[in-house]
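You will see chain A twice below: alongside chain B first, and alongside chain C after that.
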Partner chain A sequence: MNGMHVLEVEHLNIWEERSGRVLVHDSSFRLAQGECLAIVGESGSGKSLTCKSLMRLNRTGVRQSGFVALNGEDLSKLSDKEMRKFRGRRFCMIMQNGMSAFDPSRPIGAHLLETLGVHFNWSRAEMETRLTATMSSVGLKEPAVVMRSYPHELSGGMLQRVMISLAIVLEPDVIIADEPTTALDAVTAYEVVEQFMRLRERLGSAMIFVSHDLGAVRRIADNVLVMKDGGVVEHGTTKNIFAGASHPYTRYLVSSKQAMSRHFEQLMGDADVAKG
Partner chain B sequence: MLKVEGVNKSYRQTDWFRKARNQVLRDIGFEWRQGETLGIIGESGSGKSTLGRLLLGIEEPDSGIITFGGKPISDRSTRRGAISAVFQDYTSSINPFFTVRQAILEPLRLAGTASRPFDIGKLLRQVGLDESYLTRYPHELSGGEAQRVCIARAVSAEPQCILLDEAISSLDGSVQMQVLELLKQLRTSYGMGYIFITHDIQAAAYLCDRVMIICGGEMVELVETEELKHVQSPYAKELLSKVIS
Partner chain C sequence: MLGYALKRIGAVIPLLVVISFLTFILNGLSPMDPAEVVLHAQGVPTITEDLIAATRSELGMDRPLLARYWDWLLSCLQLDFGSSYVSGKPVWSLLGPALMNTLNLTLVSSLFIIVLSIALGIVCALREGKWLDLSVRSVSFLLTSMPSYWLSALMVWYFSVKLDLLPTSGMDSHLSYVLPVAVIVIGYAGLYFRIIRSSMLSNLNEDYVLYGRACGLSERSLTIQVLRNSLQVAVSVFGLAIPVILGSTVVVENIFAWPGLGTLTVNSILNRDFPIIQAYVLVLAVAFVLFNTASDLLNTAVNPKLRKGI
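Entry: the complex of A and B
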């Protein structure tokens, strides 16, 4: 087994059990230590399904086959109980919608402490110190207030930061971010993308960044995987994908984004614009 | 044409022990000229959607006047055939028991002009769909298709103004571009104008003639799109510098 790759996915197939409809078809990719791979594509292309099946979190009725290995360990051979230990500690998922990712009936703090309690033998005080420190590092100004709040009292951007700070404390091998900026407005999305870039620098862990926002992808990713109708259309470095993609579908995705941003850049002239 | 003067809006906030009012809009005043596309840009919570609802006459301001062609917008007869809307959430915008045909004909039926001959096929082709969609139900449509149906429905009454409240924000990047192109093209063929409410500055800059930036319920800037790089206020400058292009 190649030690260079943190995550290896080979011939991943996902299908619906009842109808036999294939949702993701023969997708293979690898993730090196510290690499950030972006998965892009339109909705319904199977991006989120791929991520969920890496963590074996697909809903019942959706079946998968293929080889998924984390640090050389075949995940499909693990029992559900063993898999549960992997999630969070080794694999960390950051969801699109913060509102539904947290338990609505409990304060954020209770949820976070419970998660940490499962994975570490830290005392409550130690967990709180670590959480407070990371929360302030991601720009949450009053960690104690945030910990006491319920999910509905915080904005989408704040919940996204809470998830990022939990990921920092957990120090996972692979972080999967599933459309983390889609539900946010432009300014908050910019700040969250900044936080993701810092997160990578800090942990050096590999990351899968799922998004249809090509601007964010261009800023953060090293490599890009393009999906369409459940299949991998193209896989290449971010530079190549944006400069000269070989597949017409990728070119179409990139060009429609560029038409808008080029117009904006022309408007702004040489004024200060964050470049992707 | 659509004139807004000194508009204030607040909502009651009921705490356990005190009653406070949360001021959402402060002293907003501007004019939308016939045929123009005006962008309203702001972060979430800036009050832009509230302003949109006031412009549609769905809610009334605490103080201030909103008129369309000199007549108050709160009057139904002023709004009829003059202004229509497309919202962000396309899944809840169409009655789930209606087919596409019924959904598009609904505003015409309400305006009492449904009996007039009307080429629904032509309208669907204009928004990039075709007659085969007429018998479909909303759940059988993708996001982009559903939003196109919403646009077709808004266009069917041939209003002078369509208000789009985050109408492209929940669509995929490439579909967003298709819808923007569609809006541009409809504008030339019908000669109507838009009020485009969004947090996406690039999309607003692409479509709009003038852009208004609001922050915390106050109007910060109202400029021609070409003048966007010369904005003066620190907030507008910050907003523009945080665009991921």
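Entry: the complex of A and C
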């Protein structure tokens, strides 16, 4: 796939139908095979909306226009039914809060098996074998117990891993992680980011990593897209953004992050040493 | 689950004892001496102090309160609630058939209320803000705001008098159910479908629906998930609604001359026929407790979060 982009987004506009208020304007970016693009910015800057509109998942009343193509295929031309087949199989979403991401009245396994049933013609035993294997590989100790558990019986970090392992089984072209570490405590977040890095290595999928957490972004992302008030203010490699951003807003984000996290990074650095 | 069910049912017993005791002493709070009421009711021309004292001992009212309560409780358990002061017939022979008639009316109405509320709630939630949702909500608002006695009169005038399709009153055939059930259903369904609708809507905006969609699950499957989670609210609401309807059919029963609890109780209150009122209060309180317990158990069965604490 040399030179070819997995995902191309051009002139994406998102607005509220009733009030006409523009939520995201003229946003364009591309994602190469295996690339990890981080989208950063404050709450309400349009990060989540951008991600949802790639999969046409915005709630009714929110409209979008622009060109979104996956491996050269124009997604806006797909019918709802065709789009549904893309969701999960080609695009995989990993939610912010694992606790609310699963139906509270069903065991986790029911959701996992149903999702695989939609996309593959595997037997139940085969699905279970694959899920169990990937779950163990992301550090879930008793996959069978996890499958039988209800969401409230597991921790946020475990549910995050369940979503990651589902993504591994689905082998999507693009993984969209919408603030996957925000709801987690610092140590769990660190471990989850670790899982994301392994996930990239393993699948070679492109990834969009939306986050407030610049520490995580620096570890995982190749490129960074900075959004503010619905617009892209900066797009560059992670190294350049952290070394010397051109836009004042980005410089502000990076400097406040560095001031705040110096102490934490020291702690986690120690943890790395201890582990290694 | 079975253990929890037994525990929950076991907790009901002390509650029933308290209720029965309160019902029992309710009689003593009345300003009139029951013995005097009995004599009045039997049409005794001159009531003397001696006569009242004689009647009191005949009714066993000179014995200590707790002893009287114990005897009363034991006989209540055998459905012997004493005799009517007015007609002298056993209370259960009056209350039993009336209870069955009211229970029939209530259960038929409740069934329609539940089915209609759930159906309308789902349809309106899925079409939120569209014309169907708006028109169902405005029509139901209009109907629910009508007082039931007025609505009853209107329906009797139109369907029974003008079109001569349905009986005006009484309980003679299945057709007799139509008007009273319609009035009760109209009064309550408008209220309960709103609860289902708003519970559906709040569930539709939950993250699990978005994640389900993002995983490519079908809308049908997601609607079923949302419905199951919304119904947990509905089970508690309906569990309490049924006894409320049971106790509030008075107006409808009186208008349609339904030979049920409402009609019987109003007459008994007017005649100060204490044993019947007492039995009515007890039966209704027990119904409340039983329906509430049943809805709790049902809720625990469908909601894994509640099951965790067992």
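Note that in this section the second predicted complex is superposed on the first by the 257 of 276 C-alpha atoms of A that agree within 3 Å, B and C clash if a C-alpha of one lies under 4 Å from a C-alpha of the other, contacts with A are read in each partner's own complex, and residues count from 1 in each chain.
One rule holds for everything that comes next: a contact is a pair of C-beta atoms (placed from the backbone, for glycine too) under 8 Å apart; a residue touches a chain by one contact, two chains touch by 3 or more.
Since the model is a prediction, treat every value here as computed from it, not as a measurement.
Novice: Does chain B (first) or chain C (second) touch A:E142, or do both, or does neither?
Specialist: Neither partner.
Novice: Should A:E153 be classified as contacting the first partner (chain B), the second (chain C), both, or neither?
Specialist: So A:E153 only meets chain C here.
Novice: Which of the two partners, first being chain B and second being chain C, lies in contact with A:F102: first, second, both, or neither?
Specialist: second
Novice: If you stack the two complexes on chain A, which partner ends up touching A:E42: first (chain B), second (chain C), both, or neither?
Specialist: Touch partner of A:E42: chain B, not chain C.
Novice: Using the touch definition from the top, say if A:E82 reaches chain B (first), chain C (second), both or neither.
Specialist: In the superposition, A:E82 contacts neither chain B nor chain C.
Novice: Which chain A residues lie in the overlap of the chain B contact set and the chain C contact set?
Specialist: Of chain A, no residue contacts chain B in one complex and chain C in the other.
Novice: Where on chain C is chain A touching in the complex?
Specialist: Of all residues in chain C, those touching chain A are 205-208, 210-218, 221, 225, 228-229, 232, 302-305, 308.
Novice: Hey, which residues of chain A end up touching chain C in the complex?
Specialist: 52, 55, 57, 59, 84-89, 91-93, 95-97, 100-106, 111, 114-115, 118-119, 150, 152-153, 163, 166
Novice: Any idea which chain B residues touch chain A in the complex?
Specialist: So the residues of chain B in touch with chain A come to 43-45, 142-143, 172-178, 180, 199-203, 205-206, 225-226, 228-229, 237, 239-245.
Novice: Inside the complex, what are the residues of chain A that reach chain B?
Specialist: Those residues of chain A that touch chain B are 42-44, 155-156, 184-191, 193, 212-216, 219, 252-253, 256-257, 259-261, 263-265, 267-269, 271-276.
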